[in-house]
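Next, two complexes with subunit A in common: one pairs it with subunit B, the other with subunit C.
Coming up: the complex of A and B.
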């Protein structure tokens, strides 16, 4: 299978084009969408079977695209991108099952389009190609929030696109300038990641260029100060978009920072490390406090998500093998937990048409199974022992202590703050008196819903019990990268 | 001689078509559809003929014993001819319904359109300033009339009057510049200034700078650069849709054709002065254009404002030429092609809808358009994305080349400003996408209107996407790379110094 990666990237979009041209009926649309995404999942699993974690880039494909500027269609997969690839290809079919009863066709088209964008972002190793996919995945999110969302959806969709495009534009500027510097040095153009990373350039310029990338990823993550789009977008987003936003898009910010930021700008990023780490620490507390105050579940978990992503960023900028393993492990486990929790929130929304905490209460009495899963996923976000999040957070905190004692101390507080809002929320929603709305309309998990949540739960437990198995999968890649950066510890 | 005749044949076909149309317009029995068909027929003939000549003509002077070196045929002019012809063909095809729905169109309309195409083609071949002026006026005067073609509309007439008064005023500057050049150099051939300074390096050249500045005023006026932009929005709005489309997508390119030729040859010794001027003009054009585009509520006016912004991007590249960017000139040609595709598409959809019963002019009229006409809405989205420079469309690559050339010439500030303006433009283009997709509509969903107009728009959308992602490794299909290479070839074919 030589073109396996291209197949994975372009299968969804070709399905969209074909189905769009023939204007298929809703029934066919559903089946084909699900079939396509399942097929992609199988392909990704097949990829995993032939994957060798000890090597770096595999399944590389290089095809000329714009030769006069040295821009290639250049894709490849390594351990880090594979983990995210696997998770994305797992989530998308689940979302299709989740929205099976949906009668708005746009959902299906947009999700498939989004899958192409995300897969492309994860696999591309040419900066222009990366930029193309990076922007491409914005559009489906924009339309899903704006067309199918809630509340002030139009304004909030506009907000998310303007903020993220602002970041993309600064990144584009940096990419262009990098490409030109390469041309000046070598006499020919190239935008490939490895070509550009071999360059050495003066620190003043690189600090400015790194800022362009950093801004793009900080907005996507979002670090505190760049987060104004987040809560409105989350509260307006329909469930599939919500899962994608928190479980995939935010993680792509981290992935981009790791893949492109640290490969290209290891020096300048350590110049920014004190700043980003401060922002992350402020973010961890700020978002946690925000999460405690929020009155609806979506906004609350949006902030909780941002709080954990700040922790991940902190780990990434501590630059040592513990914090990096922890960060990337947390990326994976947090993606699973947040996919689970936002699916559950979507189910609550389906049942009682409200996600306000005040409207909920006593779910455990009415629907014990639901309550169990809800509590499990909520607690896995807080990082209770036995789930992967615990191991990951521990590793990050170890790495943070290695970076600096006080950073470690502050990083450790996040475990407490997360437990604060999670437990309080559980107390108000699951336990306590049965609220009117819950008594009227709440029902137990259906078999399909159960089927959706079980694999996620299983993955979380497995990552918690056998962390060394999973970590050893991507540790060689991280080690190699750290070795290149020259900070092996 | 025979070869010259063959090379001049496309020009002759267009002018012949114009005359034929003018003559038969005296017969009242000929229907509009037939006029349209005849016009398209002549244009297509010329187009096909030009296509066969694209490669094999490298810098030939047409009828040299007769016209001296007034007309030049090279890859550059051939490429631009193709663009003009394509622009006219597409304009006529997309607006088939529009013409039939209105009562004020007749045979002369098509004749005038062909004359204006003829003028533009001459303009791209002109190698002499007086010839250039005459060609420019042939094209302009036809467009003046076309702008005011709807005699019953007050707005249309007002637009025509604005355009004709300001346009005539600006044209005088061209004449004045030409006269001054003749006074100093003793010739009006393009390239003579270059050799004049080459041969007399000690000469006082202030007068020449003034003369070139006068010429530049005319050109900046025609492309609608700030501070000569005051006519753009009103004229674009007042003109009938087909003509707005023709002006935005085709006429503007024609002006750039002569500007590029002049700038690459005659301005060579004055680059350090004119780059500074162009930089300032580019900055104010980008900012002023964005300001105008943001504040519009009418879609046609917004597109007019955005066309000013696009001129601003092109000015960035022009100033980079002077500062030694190797890829700037091909970037301009590529940008023109990209703008041509997306603008024709966007205006095409507007006029296609305007041909139907319900008029849509403002942003609000487009609420819920995606439910009513999903395919047209999807295509409109593609054109908006391309105009905004969103990746995976041709507009992105065009902007990419422009910004790269700005960085290459060391104009980091201009590149940064260009990217900022591109960011601002996301707002007004995405506003339309948001309106089309985010609001419900009362109208019934309509079937895709198969027909010549919609198929041409569809083709434009396809090309816009293919121009952004097209690869060269699919046989028989030219990829993006081919386009860039063609642009480079075209530029190389003019920079052959004539003496």
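Coming up: the complex of A and C.
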């Protein structure tokens, strides 16, 4: 399979075009959307079986595109991108099942478009191509929030677009300037990641260029100070958009730092490390405390996500094999946990048309299975042992201690940060007296819902019990990257 | 032996899984209690037998022999290599033998105590999960796996304290327990992090750490020792992280007996003993531990003397006894500390189970002042609890005397006289508040006592008899020469104790003091509470202070809970909405404002445009000249 990656990227968008052209009915739309995403999942799984963990970039495809400017269609996959690729290909079919009863066709089209955008972003190795996909995935999110969202959906959709586009602009500037520098050095253009990374340029310029990328990724993650788009967007987003936003798109900021930041700018990024680590430390606690008094579940877990992403960023900038392994592991396990928790929140919304904590209570009495899964996913976010999150946090903390004592101590605050709000939230939602709304409209998990949640739970437990099996998949890649940038620990 | 060791840990996890899944997916309650009881009790029995086989095997060999078992490689990154591996050495063997044995008795007891409860299956699933986690903690061959067990027992403790989760307050107690424990664990993991960096590439099992301990400088070891102990403060309910334990009594009584008395709360003591090679290098931290221990012991004893809830009294008494254990391990008497863990498990489990029997008999009444003269109604419970009370009060020849005596003697011989005096005062208070409870519940003639008693089943009472035998005779295992024993316990467990030679006459003298103060406590309790005791009223300032537990809960609530909530609101309302979004909005408004000013420039008048043109050109010429001049 030579063009496996292209097939994976373009299958969803082709389905959109074809179905759009033929104006298919809702029934057909559902079936084909699900079938396409399942096919993509199978292709990604097939890719995983043929993946060699000891090699870095694989399944590379290069096609000339805009030759005069050296812009190529250049894609490839390594362990870091594969993990996210696998997760997104797993989540999308689950989301189609989740929105099966939805009668607004746009949901299906947008979700497929989003899949192409995300997968293209993950697999691009040409910076212009990357930028294109990076912007492309924003559009379906904008539409889903703006058109199908809740509350002040249009204003909130506008807010997320404005802030992320601001970051994208600075990144675009950096990309173009990098290409220009390459042209100055070599006499011809290139935007290939590996071409650009071989360049050496003065530290002043590289610090400014790195800032362009850093800003884009900081807004996406979001680091403290760049986060005010997040809670409104999350609270307005419908479940499918929400799952992808928190489980995948926030992690793409981290992914971008890894793939482009550390390949192009190892020097400048260690220059920014103290600042970024400080922001991360502030973020871990600021977001967690922020979450305590949040009144609705989506906003609460938006801040919860941001707190964990701050921890991941901290691990990333501690630059050693322990913190990197931990960060990448947390990228994966937190994606699974948050997909689970946001699906469950979506199910609550389906049942009682509210996700306000004050409307909930006593779910454990009415629907014990639901409560069990809800508690499990919430606790997995708090990093209880037996779930992958525990291992990941442990590794980040150990790596942070390798970096410096104080960073280690602050990384360890993650032990208490998440539990500040999660336990009180559980107390008010699943425990206690049965609330009026829950008594009226709440029902137990259906068989389909159970089937959606079980694989996620299984993945979390397996990653918690057999971490060495999973970590050996990506540890060589991280080791090679660290070797290249000169392990500074 | 290795396979047996693996089975000891994994069987409880396996049965917990089966029980839990059965309960969760048995929506129509078709599975009856028998299934849960048989599986839930059979596994602990089996595990107890396996543990005893392992212990006997260890005893038949020399003291340096250990049984090891590796399940699989858990984590392997660079030089950080962690196996899911277990070690049964004398220390962990002693621990697993009483954990499984007493655990089994409490499982049997619980089968009766919890019968016809809606969540019967769930309860046994959690209970087996606890047993597995505790064994994981104790048998782990490295601190990381130990930490997993450490966290898991905390989680199960949370689930069981909040077992009756329809009551909001119970869940509050459960949350408090988990959060306070996690604060301790925050310290624990900092300790591990420092140790991890200090160990470098030398491995991370307990054996590796022991071998390389001399290569680590004293300053680092001090930090490690203190931070690990913060974890122990949380788990073992010592000042200032003790506040969760009294509230934890919201859980069903078997939970209090197993988790919050006999096993989990002693994990901190076990951890310090496990790291004895480390703490021996840093005696100054050891003294700190002993001071925290004796302060907690005394503090808890004072509060216990004024409580009215039978389970709360026992909870504070547990905290107090744990304080003694920390005095021992802090001052280097590791085997005495573990011996007290061992004897305490018998009499404290017995006290809780007796209290549970009383509570059941009186239809869930927990206030001792509403009990009274139960001696005749519940003779068996009375006798067994009487034995346990004698044991905890340190009256010879019952178990508590020998272990407490060993601890106090060590404090005296190591010249920590203040600690010794405080310890003796605590011993006096212990005898006082325990007999106070015993007299009020069983002997005193209470006028308001018209409650109909419920008959108790054999499964509730037989375990009490077995434990009473233990509470009577377990002490002889550790009796030293002066009392005609041969220190069996100490020579088997062979820890790195700091030893002081002590003459028999000093030994008798100190023992005499201990017995004397205990008898004084008993006498005082007899005088005040033998006939018609009154519930303590908050009518004097000091008494109010003690009844309200020195207002520590209120202080913590104000200090942490309220402040965090206000901070959260501040972040939301002020930082996000005013500061950051305000800044962004101002930028937007500034843009609009500037734009509106500039639009007036485009007014279509030729003469204005020509002025702009002229001034623009002249400005640019000036700039050009300036640049050229500078060059």
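Keep in mind that, in the parts below, the second predicted complex is superposed on the first by the 487 of 489 C-alpha atoms of A that agree within 3 Å, B and C clash if a C-alpha of one lies under 4 Å from a C-alpha of the other, contacts with A are read in each partner's own complex, and residues count from 1 in each chain.
Quick note on the criterion: a contact is a pair of C-beta atoms (placed from the backbone, for glycine too) under 8 Å apart; a residue touches a chain by one contact, two chains touch by 3 or more.
In this text, all values refer to a predicted model and were calculated from it rather than measured experimentally.
Asker: Fit or clash for subunit B plus subunit C once both are placed on subunit A?
Answerer: fit
Asker: Once the structures are superposed on A, label A:391 by its partner contacts, choosing first (subunit B), second (subunit C), both or neither.
Answerer: second
Asker: Let me test your reading of the model: by the given contact rule, A:473 touches which partner, first (subunit B), second (subunit C), both or neither?
Answerer: It touches nothing on subunit B or subunit C.
Asker: With both structures superposed on the shared chain, find the angle between the C-alpha centres of subunit B and subunit C as seen from the C-alpha centre of subunit A, to the nearest 10 degrees.
Answerer: Between the subunit B and subunit C centres, as viewed from subunit A, the angle is 160 degrees.
Asker: Looking at subunit A, which partner touches more of its residues: subunit C or subunit B?
Answerer: Here the partner covering more residues of subunit A is C.
Asker: Examine A:132 and indicate which partner it touches, taking first as subunit B and second as subunit C; both and neither are also allowed.
Answerer: first
Asker: Check whether A:402 is in contact with subunit B, with subunit C, with both or with neither, and answer first, second, both or neither.
Answerer: So A:402 only meets subunit C here.
Asker: Could you look at A:154 and tell me whether it touches subunit B, subunit C, both or neither (first, second, both, neither)?
Answerer: After superposing on A, A:154 lies in contact with subunit B but is clear of subunit C.
Asker: Superposed on chain A, how close does subunit B come to subunit C by Cα atoms? Whole Å, please.
Answerer: It is 6 Å, taken between the nearest C-alpha atoms.
Asker: Over in the complex, which subunit B residues touch subunit A? Could you list them?
Answerer: Contact set of subunit B toward subunit A: 378, 385, 390-392, 396-397, 400, 403-404, 407-408, 412, 415-416, 419-420, 422-423, 426-427, 430-431, 433-434, 437-439, 469, 471-473, 479-481, 484-485, 488.
Asker: With touch defined as at the start, can you tell me which subunit A residues reach subunit C in the complex?
Answerer: Checking each residue of subunit A against subunit C gives 225, 227-228, 231, 286, 289-294, 321-322, 325, 362, 364-365, 368-369, 372, 379, 384-386, 390-391, 394-395, 397-398, 400-402, 405, 408-409, 412-413, 415-416, 419-420, 423-424, 426-427, 430-433, 444, 466-468, 471-472, 475, 479.
Asker: Mind listing the subunit C positions that touch subunit A in their complex?
Answerer: Those in contact with subunit A are residues 24-25, 27, 72-78, 80, 144, 147-148, 151-152, 155, 158, 162, 165-168, 171-172, 174-175, 178-179, 182-183, 185-186, 189-190, 192-194, 196-197, 564-565, 567-569, 571-572, 575-576, 580-581, 584.
Asker: Using the touch definition up top, name the residues of subunit A that touch subunit B in the complex.
Answerer: 20, 63-69, 73, 106, 128, 131-132, 134-136, 139, 142-143, 146-147, 153-154, 157-158, 161-162, 165-166, 169-170, 172-173, 176-177, 179-180, 183
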